[in-house]
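Okay, so chain A shows up in both of these, paired with chain B first and chain C after.
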Partner chain A sequence: MFRAVYRLTSAGARSLVRTRPGYAAPVASRCYSHGKVETDEEFDARWVTYFSKPDIDGWELRKGMNTLIGYDLVPEPKVLDSALRACRRLNDLASAIRILEAVKDKAGPHEDIYPYLIQELQPTLAELGISTPEELGIDKS
Partner chain B sequence: MAHQAHAYHMVDPSPWPLTGAVAALLLTSGTAIWMHFNSMSLMSLGMILLLLTIYQWWRDIIREGTFQGHHTPPVQKGLRYGMILFITSEVFFFLGFFWAFYHSSLAPTPELGGCWPPTGITTLDPFEVPLLNTAVLLASGVTVTWAHHSIMEGQRKQAIQSLTLTILLGFYFTFLQGMEYYEAPFTIADGVYGSTFFVATGFHGLHVIIGSSFLAVCLLRQVQFHFTSKHHFGFEAAAWYWHFVDVVWLFLYISIYWWGS
Partner chain C sequence: MLRQTAVHMRGLLARRASAAVTSSSVRMASHEVSETVDMSRPMYYDRVDVPLPDKPYKDLLTDADKTLKQKEKGPWSQLSKEEKIALYRLMFHQTYPEMKQKTSEWKTVLGGIFFFLGFTGLVVWWQRIYVYPPLPKTFEGDSQAMQLKRMLDMRVNPVQGFSAKWDYEKGQWK
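Up next is the complex of A and B:
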């Protein structure tokens, strides 16, 4: 929901909207003149599925994350949850913590998004034993 | 005196394949010995033997074709197939290095910071010297085509001028690339970025030097009246090779210099 709020189209600027729970998502940002437009739910489901592949390998995990971070949005908690579980299957703690750093960066000037994500992911972080960059003290340069 | 009842070329016995093979052995083992035991002797010997083989083998081919008339149409067709197959094999050679680049850059590891360019790497600005290099090679593609048309139209002076210009552009590229290598803020030892950058562009640069040399030989031959307006396959082969080198650069520029920055 949040991530949809901050989409900017390539064709023209849309004003950034303040984050608020319950805000309805605007239309997806890709401006195809024809062709089916993917809904936010379809987008999320596609990425959750991608990271849920049981035998996902390290390359696919890193490629998926780089592609996802390349989009003009902050990924939903459910997508990040799936990615963190993939890190767990791959024994890649470094990438798990890096994912948290990356989404904080993606939020840009909107400083309330990251705490919200951590709050939503808290059960998963606890279950998988993933520390946040803040807990490790590596969030300060 | 015996004559052949066919148009094909039964090549006379020659020592150059053997000397070439020996050179390859000395070069490879010599390089290994240089790396482990700090001696350049075997590698240098291999290099000398290779250069002698190159000079004499291709000199003999020129004698057989230009002066002895052995390069009949079917023979020339075979040479064309050969050059095409060789260039195709070189395409696959470069494909491997592009695979390596994309493998590493599409899915950068945590050691690099999970990002590309990796943390700490200052990339070259694609719109500075690399863009000039692109213009230089594209221009050389135009001049080599001009040279070809000049040869086909029997315009000797223009052929010499345009071929010379092509070679000068090739040297200019090599010079500019040399400067870039010297001034670059990263080295081949700088992680997988350095490795993929310098191995891919390095082999490309080597091919530019080889291609320039091939064109230089064609220039010498053109000056010495070897080519006719209808028969100049050596030049065509050099031009094909040169276009291949240009295309590889375009892929390098777009992938490594531009997208990869």
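Up next is the complex of A and C:
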């Protein structure tokens, strides 16, 4: 599946032993009798394209993010990168930080996913000047 | 709970005439009614599964806020930490850790359950004393003995049950 993505259902969690998240969990199988199953790369590409729209508006950003967070997966760094850049085009730093919080929450008990994502996103965060919640100190309640 | 149901009700109430809901608070003598929320418009909510709500938390911006928003249009690396936090708080009410804070609600719930169970117990006890009629005479000891004898004479469950345990020759339980 995704490089950094796990099935967050119990099946995925059980098979998770290694800490380095280069682990491919089983592909989601649906009971299509004849439909084509979308590959992980297609899924990622679709979402990167969605957020890469140059004139994306606030509603589309919110809708996209809320939908993406609704899925049973942690988005790939490249999808998040695209979303963060969309926030930059919309001059919305708060939403960018919120997105980082949201994906940390999505990872749930798997505590090694979020550091990996931040590590992968570090160039983008530095380029756009986005501080992580940890840097701002809002990651503690 | 209101915030959760609001997300669902938003769609349902969208078409309803919101005149009644949006009426300004009524003052009756010295009594003040609490602010009504217009649920036909996009609402703010803090939910872990919906990170970006329909509208920012703070709508009415002070001049300082507006200046900050203008600064947001430039490079974000020029914003200080405090400014970034301020921007976050303008847009959102609670951070994720704040949303996920444990409450002590379970203590109230459990306490309420026990309280009402106890109260029910008292009610049942009172009923037992004051409401229930007296027991029939067939519950008394002699009557019970006669019923028992009748069951044995009828050979109730003679194979594996009741009468099978009675020794008819010796006239006693096995």
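The criterion applied here is as follows: the second predicted complex is superposed on the first by the 114 of 141 C-alpha atoms of A that agree within 3 Å, B and C clash if a C-alpha of one lies under 4 Å from a C-alpha of the other, contacts with A are read in each partner's own complex, and residues count from 1 in each chain.
By our rule, a contact is a pair of C-beta atoms (placed from the backbone, for glycine too) under 8 Å apart; a residue touches a chain by one contact, two chains touch by 3 or more.
Not measured: the values here are computed from a predicted model.
Visitor: Do chain B and chain C fit side by side on chain A in the superposed arrangement, or is it a clash?
Guide: clash
Visitor: If you stack the two complexes on chain A, which partner ends up touching A:K53: first (chain B), second (chain C), both, or neither?
Guide: Neither partner.
Visitor: Decide which partner touches more residues of chain A, taking chain B and chain C as the two options.
Guide: Between chain B and chain C, C touches the greater number of residues in chain A.
Visitor: Is A:I130 contacted by the first partner chain B, the second partner chain C, both or neither?
Guide: Touch partner of A:I130: chain C, not chain B.
Visitor: Now for A:G70: first (chain B), second (chain C), both, or neither, which partner does it touch?
Guide: Second partner only, chain C.
Visitor: So in the superposed three-chain picture, is A:S141 touching just chain B, just chain C, both, or none of them (first/second/both/neither)?
Guide: Touch partner of A:S141: chain C, not chain B.
Visitor: Thinking of the overlay built on chain A, is A:S95 touched by chain B (first), by chain C (second), by both, or by neither?
Guide: both
Visitor: Look at A:D105 in the shared chain and tell me whether it touches chain B only, chain C only, both, or neither; answer first, second, both or neither.
Guide: Touch status of A:D105: second partner only.
Visitor: With both structures aligned on chain A, tell me which stretch of chain C collides with chain B: 45-53, 63-71 or 135-143.
Guide: The superposed arrangement places chain C into chain B at 45-53.
Visitor: Return the residues of chain A at which the contacts from chain B and from chain C coincide.
Guide: 61-62, 65-66, 92, 94-95, 98, 102
Visitor: What does chain B use to touch chain A in their complex?
Guide: Spelled out, the residues of chain B in touch with chain A are 103, 106-110, 113-116.
Visitor: Can you list the chain C residues touching chain A in their complex?
Guide: Residues 48-54, 56, 72-73, 75-79, 81, 84-85, 87-88, 90-92, 95-98, 100-101 of chain C touch chain A in their complex.
Visitor: Could you please specify the touching residues of chain A with respect to chain C in the complex?
Guide: Spelled out, the residues of chain A in touch with chain C are 61-62, 65-66, 69-70, 88, 91-95, 97-99, 101-102, 104-105, 128-131, 133, 135-141.
Visitor: Show which residues of chain A lie in contact with chain B when the two form their complex.
Guide: Counting only chain A, the residues touching chain B are 58-63, 65-66, 92, 94-95, 98, 102.
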